[in-house]
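In the two assemblies presented below, chain A is common to both, partnered first by chain B and then by chain C.
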Partner chain A sequence: MKITFPHMGNIYIAAKALFDGLGVDYVIPPQNNKEVLNIGTRYSPEEICLPFKIMIGNYIQAIEQGADTVLLTGSCGPCRFGEYCELQMNLMKELGYNLNFIVLDMPKDIGIKELFKRLGKVTVTSNKSMYGKTKALKDALTVANLIDEVEAKAHYLAGYERNKGQCKRILNDCKKEAMNCSNPEEMISSLRKYKDKLKYIPVDINKNPLKIAIIGEIYTVIEPFSNFFIEDKLMDYGVSSKREMTPTWWVKNMALSPLKLNSLKIKQSSKDYLSLAIGGHARECVGEAVLAQEGGFDGAIQIFPMGCMPEIVSKSILPTISKDKDFPIMSLVVDDMTGEAGYITRVEAFIDLLERRRNNVLLGS
Partner chain B sequence: MKVGIPKGLLYYKYHPFLITFFNELGAEVIVSDDTNKKILDEGVKYCVDDACMPVKIFHGHVASIIDNCELIVIPRIMQLWKNEYICPKFCGLPEMVINSIDNMPKAITDPIYATSKKKLYSWAKLAGKSLNKNNSTIKKAFNHALTAQRNHLEGIYDQGYELNIALTGHAYNIYDNYSNMNLVRKLNDLGIGVITAEFTQEHILRAEASNLYKRPFWTFTRENYGFAVNAAKEKSVDGIIYISSFNCGLDSIIIELIKNTVPSFPFLILKVDEHTGEAGINTRIEAFADMLERRASDENNISTHG
Partner chain C sequence: MYYLGVDVGSVSTDLVLIDESSNVVEKIYLRTKGNPIKAIQEGFNILRNEYEDYEITAAGATGSGRMIASTIIGADAVKNEITAHATAALEIDNDVRTIIEIGGQDSKIIIINNGVVCDFAMNTVCAAGTGSFLDRQAERLEIPIEEFGDYALRANTSVRIAGRCAVFAESDMIHKQQMGYNHSEIIRGLCDALVRNYLNNIGKGKTIIPKILFQGGVAANKGIKKAFENQLGFEVFVPENHSMMGAIGAAIIAKERVKKTGETNFRGLDLAKSSIVTKSFECEGCPNQCEVVKIYENNNVMGYFGDRCTKWSNRTRENSKLA
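Right after this comes the complex of A and B.
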C-alpha cells in the first residue's frame, strides 16, 4: 500500500513526518503547477470549485508514481467539500484507476468506531507499536506547528527585514531542508533551527510597513498555487502579511468544535455581522476581518474559489465592515481561468491604495 | 402592520405557511409580484455578483416591496430535516440582503430549524413577538399555518401524455416561470408530460440516497437525487430534465451524482442565469423532445449522450 494525499500548503511536510514516523509507504504528489491544474480541469466536472480540480491533478500525478491509496479528510458541513470524496471516488473509478480512499470524517457523522476502523487502515502496514504510532502523530503535529510558525514569522517579518529577500530565502531553505530529513526528530530540530534563525535576522523596527491580513476560503488561502503565491509576492513587495488560517488552526478548530470552544475570539468578533455558523469558514472570514482592523492592519484581502457558497455570503458582508470601520478589504475570486496578470494588477493597485491612504494623498482633494 | 413577504427562493414551497401565519396574526401581508424583468434587474443591481440567479431574484423581490411594508420576512432556513442542511447561502440570506440593500425596514431574520414542530414553533414565537402578539394568538396562527401547509399540495403530475419526463431541480427554479422561461408549458406544448419530485414518497427518496457512499447532508441532494434516480430505475418516465441555475454549488454535485448512478438514461441539464437566451433553451428542449420521440419509436439503441 502506498498512501498519497492532496496538497494543501505546507501539509506535505507534516505528512512526511507522520508517514516516516509510522513507517508507512507514501507518495508526495509533485508540487502544484499549471500542469496539475490542467489535468484536473480536464477530468473534473465543469462547475465544481477549484480545490477539487487541483486535487484530481494531484491524485493522477501521484498514481503515476505508484500511489494506490488516498487519505482525505471529510466534513458533513453544508459546504461542498464534504461531497468531494464521493465524487472523486466515482471519477477516479471512471478514469480506470484502482484507487482506495480513506476518508476521515468527524466521529459525530460516521461514529467513533468507523473512524478508528478507517484510521486503522492507514497504519495497517506500519510495524510500530501503539506507542510508536502515538509518537509519530505527536511528532507530526509538532512539525505542523513549527512550520506554520516559521511561515507566519517569515511573512510578518518580511516587512521589517533590512536585507531584502532574507525572510523569503530562509523560508524556502527551511522547507527544502525539512524535506531532505529522513526522520521526524531530524526534521523537528531542523525546523527549530530555522525558527531561531528568523529570530536573529536584522530588522528595522522603525520601518512601519504595510500590513495586510489574508482571509477567505481555507484551501485557497493556504495553498499558494491556487492564490498565485500571493504571500510570496507580498514578501517581495516588503509588505507584512498575516493569515489566521493554517493547517494547525484547522486541526485545533476541529478538535475543539465538539466542545464549542473553537476559535472563541473569531466568533466573538464576528458576532455583530454574522452570528451563526453557516458552513465553510464564512464566519471565520468575517471575524478575521474585524480582528485585522482591531489589530492595526492596513487592509485585508479575501480570496475564495469561484462559486464558494459560504464565502459569497461573507463577501456581501465585508463591504459593510469596510464602511463601518473605514478598513479597506478587497475580494479576489480565483478559478482555473483566472489570469495571473490581471490578478497581480489588482493586488498591486490595492497596495498602492493602502500606501496613499497613509500619506493622506487624497486628503483635501 | 404591513408585513412584506418576498416571492423568492423557498417561498414557492412554503408560501401557505408564511401567508396564513402572518394573516392569522392580524398583519396585512404584502407579497411581491411574480418575478419580472424589473425585479431581476433590481436584484442584479443590489446583490453581490458571485451569487446565483435565484438569490439575485430574491434581492429584487425584497427591493420591490421595502417601500410598502414596515416589517419584512427574510426566512433564514437552517435545517428542514435533522442532520441535513440547506445551501449556506440560505443560512446567510438575511446578512446578504441587509448588507446589500439600503433603507431596509425591520426584518424577521430568526433562524428556522424546521426539524420538529416544537423547533419550528420557537421561530414562530420570535416572529410573532416582533408583531407584539401574545402567545395564544401565535399558537393559534401557527397551528392554522401548519394545517394550511399540510393541505397544500404542490407539484406537477401531468397525465395523458405519451412521453413523460421527470423535472428535477430546486423548487424556485421549477415554479418560477420567469426564470425558467415557462419550461413546463413549453414541454406540454411539445407533447411531453411533466412529473415533479413531490409525488415520490419520502421513504423511497431516502432509500435511493442511502445507496451513496456518503450520507447526503443537503436536503436538496436527497430530494433531487432520490427522485431522478428512482424515476430512471423504475422507468416511470422517458427522460430527466434538470433545471439548474448557473454557479449553483449544490447542483454541481447533485448532477454528477445522478450522472454516475444512471449513466445511460436520457438526461438534459438546463442551465439558467440572468443572461440566458430563450431561443437557446427552446432549441435544446426541442432537440431533447425529438430524441425522446425517436428513442421511443424506432431507434432503440440511439446514443443517450445527445
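Right after this comes the complex of A and C.
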C-alpha cells in the first residue's frame, strides 16, 4: 500500500511527519502547478469547483509515482465538498485507475466505530505499537501547528521587516528544510528553530503597514496555487496579512464541533449578518470580516472558487458589512480560467485604495 | 521639466509628456499590435526628434503591459490601471464621483468618495461591451470606427439587440440587418446594448453618483456617451484627453514618486535605437514552473520578470543598482 493525499497549503509537511512516524509508505504529489491543473481540468466535470480539479491532478500525478490509496477528509456538509469523495471515486474508476479511497469523516456522520475502522486502514502496514501510532499522530499535529504558526508570523511580520524579503525567505527556507528532515523529531526541532528565527528578525515597530485579512472558502485561501500566491504577493508589497483559516484551525474546529464549542468568537461576530451555518464556511467568512474590522485591519479580501454556493451567499452579505462599518472588502473569484493579469491588477488597486484612504483619513481629521 | 507616462494596453500603447502643472504637452497614440516593445520604441523614436533625455525627469508605466514597459524604459512608478485612471481623473476634476472607463479589452467602474477611490470593479470573464467588440462590428458594417457615434446619433429609434454576449450580439445584429433596419438604427441599438451590459455587469450594486467622467478609447464614441446619459439620467463628461488618461495618471504618479526619491531610473530615449529581444524559459528551480521572461538590450541582459520567488527579478534590481 502506498498512500497519497491531495495538496492543500502546508498539509504535505504534516502528512510527511505522520507517515514517517507511522512508517507507512507514501507519495507526496508534486507541488501544484499549471501541469496539475491541466490534468485535473481535462478529466473533471467542467462546472465543478476549482479544488476538485486540482485534487484530480494531484491523484493522477501521485499514481504515476506508484500511489494506490488516497487519504481524504470528507464532509457530509451541505456543500459540494461533501460529494467530492464519491464523485472522485467514480471518476478515477472510469478513468481506469484502481485506487482505494480512505475517507475520514466526522463521528456523528459515520459513527465512531467506522472512523476507527478507517483510521485502522491507514495504519495497516505500520509496524508501530499503539503508543508509536499515537505519538506519530501527536507529532504530526505539532508539525501542523508549528508550520501554521511560522507562516502566520511571517505573513504578519512582512509588513514590519527592515530587510525587505527576509520573512519570505525564512518561510521558504523553513518549508524546504522541513521537507529534508528524515523523521518527525528532527522536523519539529527544525520548525522550532525557524519559529525562533522569526522572533529575532529586525523589525520597525513604528512602521504601521497596511493590514489585510484573507477570508473566504477554505481551500482557495489555504492553497496558494489556487489564489495565485496572494499572500506571497502581499509580503512583497510589504502588507501584513492574516488568515484565520488554517489546517490547524480546521482540525480544532472539527474536534470541538460535537460539543458546539468551535469558533465561538466567529459565530458571535457573524450573528448580526448570518446566524445560521449554511454550509461550507460562509458563516466563518462573515464572522471573520467583522472580526477583522474590529481588530483594526484596513481591509479584507474574500477569495472563493467559481460556483461556490456558501461563499456566494457571504459575498452578497459582505457589502452590507462594508457599508455598516466603513470597511473595504474585495471579493475575488478564482477558477481554471482566471487570468492572472486582471487578478493582480485588482489586488494592487485594492492596496492603493487602502493606502490612499488611510492617508486621506489622516489628512481629513 | 517633463514627465513621461506610458500606458501599454491590449489595443493601444499611449505615451504622454506632461509638464509641472500636469498639462499634456505631447501625446502619442500607437497600436500595440501584440508587440509592446516595438510600440514603445516607435513612440520613443517620435519623442527623440523633439526632446532630449535631460528634459524628462520621471517616467511611469501602467496598463496590462506595465511590467515589460517598466523594465525596458526604467520606470520610477509602476501602477495598475485603476489607480492611474483615478489619479488622472482627480487631477482634472476634483468633484468627480464616478469614473466609467471602457478600453480595448476591459471596462471598469471606479467610485470616488472625498477624493479617494472607495470602490471599483472590472469586467472579469467577458469582453462584450468593450472597444474591440465595437471595432469588430464597425468592420462588419464597413463603417470607420470614428464615425460610429455619428451614425448612432442620427437614428430616431433604437433597435433592441441582445448584448449579453458578443457572439450572440453579432448574430442578433445580422438578424436585424436582414429584417431591413438601417445602419444607424442598428448602431444605436448596439450602443444601447453595450451600455446596458456595462451597467448590469460592472455597474451592478454600485451607486452611480454625478459627476460622471467617461474615459478610455470608447469615450470618443458619441453614441455610447448619449446612451449612458439616457440610461443614467445624468450628464456624462468626456475629458479632452480621454484616451490618454491612464498614461497621464502614470506620469503624475511618477512625478510624485521622483519628488520623494529625488532621482529617476529613466533609461533615456535612445532606447528607440537599441535592439531589444525577449526570450522566455521555464525556470526549473522548483515545481512552480514559472515562465520567466529575459529581456536583452543589444545582447546585454536588461532584466527578468515572471518569477514568483523573485530569484530572477532580484537580479534586475541589483543590476540597476550597479548601473
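Quick note on the criterion: the second predicted complex is superposed on the first by the 360 of 365 C-alpha atoms of A that agree within 3 Å, B and C clash if a C-alpha of one lies under 4 Å from a C-alpha of the other, contacts with A are read in each partner's own complex, and residues count from 1 in each chain.
The rule we apply is simple: a contact is a pair of C-beta atoms (placed from the backbone, for glycine too) under 8 Å apart; a residue touches a chain by one contact, two chains touch by 3 or more.
Values in this document were obtained by computation on a predicted structure and should not be read as measured data.
Because the two structures share chain A, they can be overlaid on it, and in that overlay chain B and chain C fit beside each other without clashing.
Judged by the touch definition given at the top, the superposed model places A:259 against neither chain B nor chain C. Legend: residue contacts after superposition of the two complexes on their common chain; A:34 is shown touching chain C, with no touch to chain B. Of the two partner chains placed by the overlay, only chain C lies in contact with A:357; chain B stays clear of it.
Across the overlaid pair of complexes, the angle with its corner at the CA centre of chain A and arms to chain B and chain C is 80°, in steps of 10.
When the shared chain is aligned, chain B comes close enough to touch A:315, but chain C does not. Taking chain A as the reference chain, the count of touched residues is higher for B when chain B and chain C are set side by side.
Of the two partner chains placed by the overlay, neither chain B nor chain C lies in contact with A:130. By the document's definition of touching, both partners, chain B and chain C, reach A:333.
In the superposition on chain A, no contact is made by A:205 with either chain B or chain C. Figure legend note: chain B and chain C, brought together by superposition on chain A, show a least Cα distance of 6 Å.
According to the touch criterion, the shared surface of chain A, contacted by chain B in one complex and chain C in the other, consists of residues 319, 333. Interface residues of chain A facing chain B in the complex, by the touch rule stated above, are 45-49, 74, 76-80, 82-83, 85-87, 89-90, 94, 103, 109, 273-274, 276, 278-280, 282, 306-310, 312-317, 319-320, 333. Chain A makes touch with chain C in their complex at residues 30-35, 165, 172, 229, 232, 236, 319, 328, 333, 337, 341-342, 344-346, 348-349, 352-353, 356-357, 360, 364. Those residues of chain B lying in contact with chain A across their complex are 47-48, 50-51, 76, 78, 83, 85-89, 91-92, 95-96, 99-100, 111, 212-218, 221, 246-253, 255-257, 260. Of all the residues in chain C, the ones that touch chain A in their complex are 64, 79-83, 106, 114-120, 122, 124-125, 205, 286-289, 308-310.
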